[in-house]
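One structure below.
We call the chains A, B, C and D, going by the order they appear; numbering starts again at 1 in every chain.
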Amino acid sequence: MVGMAVLGCGRIGRMHARNLARHPRARLLMVFDILAEAAQQTAAELGVKIARSVDEVLSAGDVGGVLVATPTDTHVPLIASAVKAGKAVLCEKPVDLDLERAQACWSEIAGGKPRVMIGFNRRFDASFRALRERLQRGEIGTLELAVITSRDPAPPPATYIKASGGLMRDMSIHDFDMARYLAGDIAQVHAFGANLVDPAIGKLGDIDTCSVSLRAKSGALIQINNSRRCVYGYDQRIEAFGSNGMLQAGNQYATTVESWSAERTGAREPVLNFFIERYREAYTSEVDAFVSSLEEGRPMSPDFADGLAALRLAVAAEESLRTGAVVGLD
Amino acid sequence: MVGMAVLGCGRIGRMHARNLARHPRARLLMVFDILAEAAQQTAAELGVKIARSVDEVLSAGDVGGVLVATPTDTHVPLIASAVKAGKAVLCEKPVDLDLERAQACWSEIAGGKPRVMIGFNRRFDASFRALRERLQRGEIGTLELAVITSRDPAPPPATYIKASGGLMRDMSIHDFDMARYLAGDIAQVHAFGANLVDPAIGKLGDIDTCSVSLRAKSGALIQINNSRRCVYGYDQRIEAFGSNGMLQAGNQYATTVESWSAERTGAREPVLNFFIERYREAYTSEVDAFVSSLEEGRPMSPDFADGLAALRLAVAAEESLRTGAVVGLD
Amino acid sequence: MVGMAVLGCGRIGRMHARNLARHPRARLLMVFDILAEAAQQTAAELGVKIARSVDEVLSAGDVGGVLVATPTDTHVPLIASAVKAGKAVLCEKPVDLDLERAQACWSEIAGGKPRVMIGFNRRFDASFRALRERLQRGEIGTLELAVITSRDPAPPPATYIKASGGLMRDMSIHDFDMARYLAGDIAQVHAFGANLVDPAIGKLGDIDTCSVSLRAKSGALIQINNSRRCVYGYDQRIEAFGSNGMLQAGNQYATTVESWSAERTGAREPVLNFFIERYREAYTSEVDAFVSSLEEGRPMSPDFADGLAALRLAVAAEESLRTGAVVGLD
Amino acid sequence: MVGMAVLGCGRIGRMHARNLARHPRARLLMVFDILAEAAQQTAAELGVKIARSVDEVLSAGDVGGVLVATPTDTHVPLIASAVKAGKAVLCEKPVDLDLERAQACWSEIAGGKPRVMIGFNRRFDASFRALRERLQRGEIGTLELAVITSRDPAPPPATYIKASGGLMRDMSIHDFDMARYLAGDIAQVHAFGANLVDPAIGKLGDIDTCSVSLRAKSGALIQINNSRRCVYGYDQRIEAFGSNGMLQAGNQYATTVESWSAERTGAREPVLNFFIERYREAYTSEVDAFVSSLEEGRPMSPDFADGLAALRLAVAAEESLRTGAVVGLD
């Protein structure tokens, strides 16, 4: 049984807290949020204690793991403190918006073999996971090319965009991690970006649509396409082409119902929308992977280095957007 | 090269004439229709001769095969005459609306090993044919149950219904043949019928919707569902369940385009509509099978006996409709 | 908050107990099983009390509802006792294997407006429910015909078959309920049965494969096909044809992965197998519907009368199997 | 009625000759091939004359249109001669492997309003055409991004590769044309290439796998992925994302049969393989479009300028492959 605390009781923190509260081998002991009300709501719902400070959490002897779901700029200091306090950490993505800051954190803690997992939830989606396992078992031979489609239902408000770090660090970062999950380390990046969805996003200097090409060190090519808008739901798909075949993993639906009429046939409802619904089971599996790794002393995956690598790809893609040139990773 | 004549230049006769005219190993020599205009139109289009009488056709030495696409009540006499004149015959279904009359014809000609093929076009559909071949190769083990879905786009006019012989002999007869094609001879029939589509059909004493259950001599069960109306096109499907799996064969579309919108996803256009379009390639294959069998001296299939067997099933199903009881075939 | 007790801690009782323990508005207070060990296991897992007798359960003032998951022949007496004790009941299907006994129970309790729900879990499947709601909203006009496919993955052992009441009362009864759920009361039944899967089943006088045709009082026709074996998983599908279109609800899969190879394309894994997995969410919704109906004083649905009606259809289908004739319901 | 001649009686020339011979408003008058045997075979099969020289073809008064299916390096001189002789031309892609040579040809003939159509067959595929028409009708709003998947079944022999002009000019050129067909003129190109399929291709200095990103002048982004190998058949698909939805057009199959077994479900056969089969109807429509445009005096489409534009994109993509930089088109 692993004692857990949740830092940050916003939408995603509350979801994680619920999953931990329900987990058969975890005990959610306390929650914390800078907004007392948010902490109170979650604590009341789940019948757990409210910590008055981060320090109280980190000094609690029965807390073995800390789930960090606070604003992005607090990730690095919270990870560092938690690790120093001997806690395992499951931190929401991204590690940080600033690559140097994230690297500095890593330099500081890496020596101590910290147990840090980064919340790239898609790695825990049953379908993406099965696709990768089948890929690794050699079902389609060597991976040669992959197409990752990832489109959000609707653009977030300007306030979100402003603090987001931009499309690459906020949204495409999931796809960079997915590319690495499928194809391993990446050697080269090229990105085209555009502001086609919401002029407000362009005014903030950001893009809302992109086409990214990656070349993995293995030789495989990966194509990513992203948009901040997708009217038919949260479009999340992968196609992996290998020397012996192809694997696809696709969208999820609330029901299997299809309709036939004089106008159209085989029509389904829009796909699940948004990440809380689409990745509901993935988030449960993610927390389970963290708890199991912690209990069994297995290495965390994806770990801090994976978080760094994805951020590095986002930064490289931004450079490519600016220069039009391919950017190499070492 | 097989010399051919077409009797009957209505919609379906003209289609067959075109297929014969295009066939690399057939030569369409002449056409005949009681309506001079119909014959003229087809003859002009295809550059072939107009026969002035059936006799002219049957006495032409270079005519090896006759395609009969005349009204149903002329099928039996035309088959008999053509066979006596030494011609091979490809006759549209049904053999006749009257079982006794059809049987009498058969008694009359059977001794001479007549080469007669009945136009059950669905046997020549590439998908249904592939399904059956895979079934016979044992891909799903022993056939245990099949579901045949067959629904016409829209009810025909009352004049058609009146002369049609009723749903069972006109429409379900295709499915009775398909049941035999898949499962072999049939031992028992039960049928429920209803008049749900068009009250005019009910007034004529006919039904437009039915649920038929068959038990094959092999033990397999077959379910047929028919309707005279299907707003999304001509619905033509088969599901075959066996001890080791299931095979489906489905509808056909003009394009592969699917659309995703805020309202619905994966929507296709209506299915192909109607038999001339849906079975376009099947009709070509049917004529090809006839020509090849004739050229190579192979037995015709489906033959007159198959036509009789399907008609017998239609008659038995009608009895079941009246009595509510299962009707046995010997 | 509804206080609940579970009678019967076998596989399905335990599942219900877990769902009740997790339900936000229910409190699972106690469990009972004639096998002390089974009760103990469930009680320990969920941290609830073990009742020493049914009487203890029925006399507990804080128990508002009783979930009955005991062997079929105890359903009727337990329902009667629970109702007399003023408890609401959620009872697993079937009500009883004996129609007279079930009717007698109903005569005894019906006057008291008992709150009894029968566990026809498929009514709570999100896809079947959505299909029915769309049907009732008129999306495809009037229902004219439905095809219900329901095939178990593998035949149960002989001991199960012996006590099962036979295919109709044990398995097809779900489909009879589904037919009523979609089309309302049924007027006529015809059934063909066969022993194609396991000779042991035939030796016990039972069948393992069937084709059933129903005619609803509304005029709609329904085709049911069942088998005790389906190698590709638990096949559970509905097709509903109406005057303006068709709705399908289909199988569920563990992942969305499809594979393409030199041999085949678009291949998915076997479908979910078996009812505990396939109807996992349906069982949760069923318990939720019971709790909500109880809390809000709404009528239970499906209720005892629905359980009786489905049983009556099973008995009628058996008569049809014997006689070959259509059997009418009043 | 349009009098036609075919130059080049190889595999693709013969196919075009057959389509012309069957076309109701064309008359195939003569064929020519430098290899007498090839010309003879086609002439005999279709019952047409063998021209002894290109001059004979171009000076024949009854020849209104010339179909050019000769080796690529003869396209430019044949187009020029035919245009000067007052003939309309349908020329196989590519116009030429050398951009300057193609441009020089255009400069030479453009003034005379030549009727030249380039054989980009995919524009005539019913599904791609329907997708584009629906796009242009605004069904999914503004086009924002498209993914074009185009993978050949198996790499061609080294002799073919040597003369092919390389992946971009030989194979991707179809996708460049498709990108223009969907999104209009292209502003920028980036390409990643790799030699993953056949080392022999790499030894010849060519690639066999690529990921290309385009930015259209309209702002839309296009992703192309190509491979010289695809074990499950000739993979030809388009996804077009717009502000209001998405349209897909997909692969084609010989049958609709799907199979379910203990190992897998919903499995189809490999997709149609190769272009002669996959684009059979497209080639027929292409010839029909040429004949109709000629008869009705409508402009040819795609025309010589389209052929040039696609070639220009291929050349730009090659530059991007070499330099790693985005290449702009004016």
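Keep in mind that, in the parts below, contacts are C-beta pairs under 8 Å (C-beta built on N, C-alpha and C of every residue); 3 or more make two chains touch, one makes a residue touch a chain.
Everything numeric here is computed off the predicted structure, so don't read it as measured data.
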Winner on C-beta contact pairs when B-D is weighed against A-B: B-D
Most remote chain, CA-based centroid, reference being subunit A: B
Centroid spacing, where centroids are CA-atom means, of subunit B and subunit D in whole angstrom: 40
Averaged-CA centre spacing for the pair subunit B and subunit A, given as whole angstrom: 58
Subunit B, residues touching no fewer than two other chains: 231-232, 244-246, 251, 258-262
Chain contact graph, described as a line, ring, star, complete graph or other shape: complete
Interface residues, subunit C side, partner subunit B - complex: 142, 144-145, 147, 149, 151, 188, 190, 192, 194, 196-197, 209-211, 213, 215, 219-223, 225, 227, 229-232, 235, 239, 241, 243-246, 324-326
Residue numbers on subunit A that touch subunit C, as the complex places them: 22, 126-127, 130-131, 134, 139-140, 244-252, 254-262
Subunit C-touching residues of subunit D, taken from the complex the two chains share: 231-233, 251, 258-271
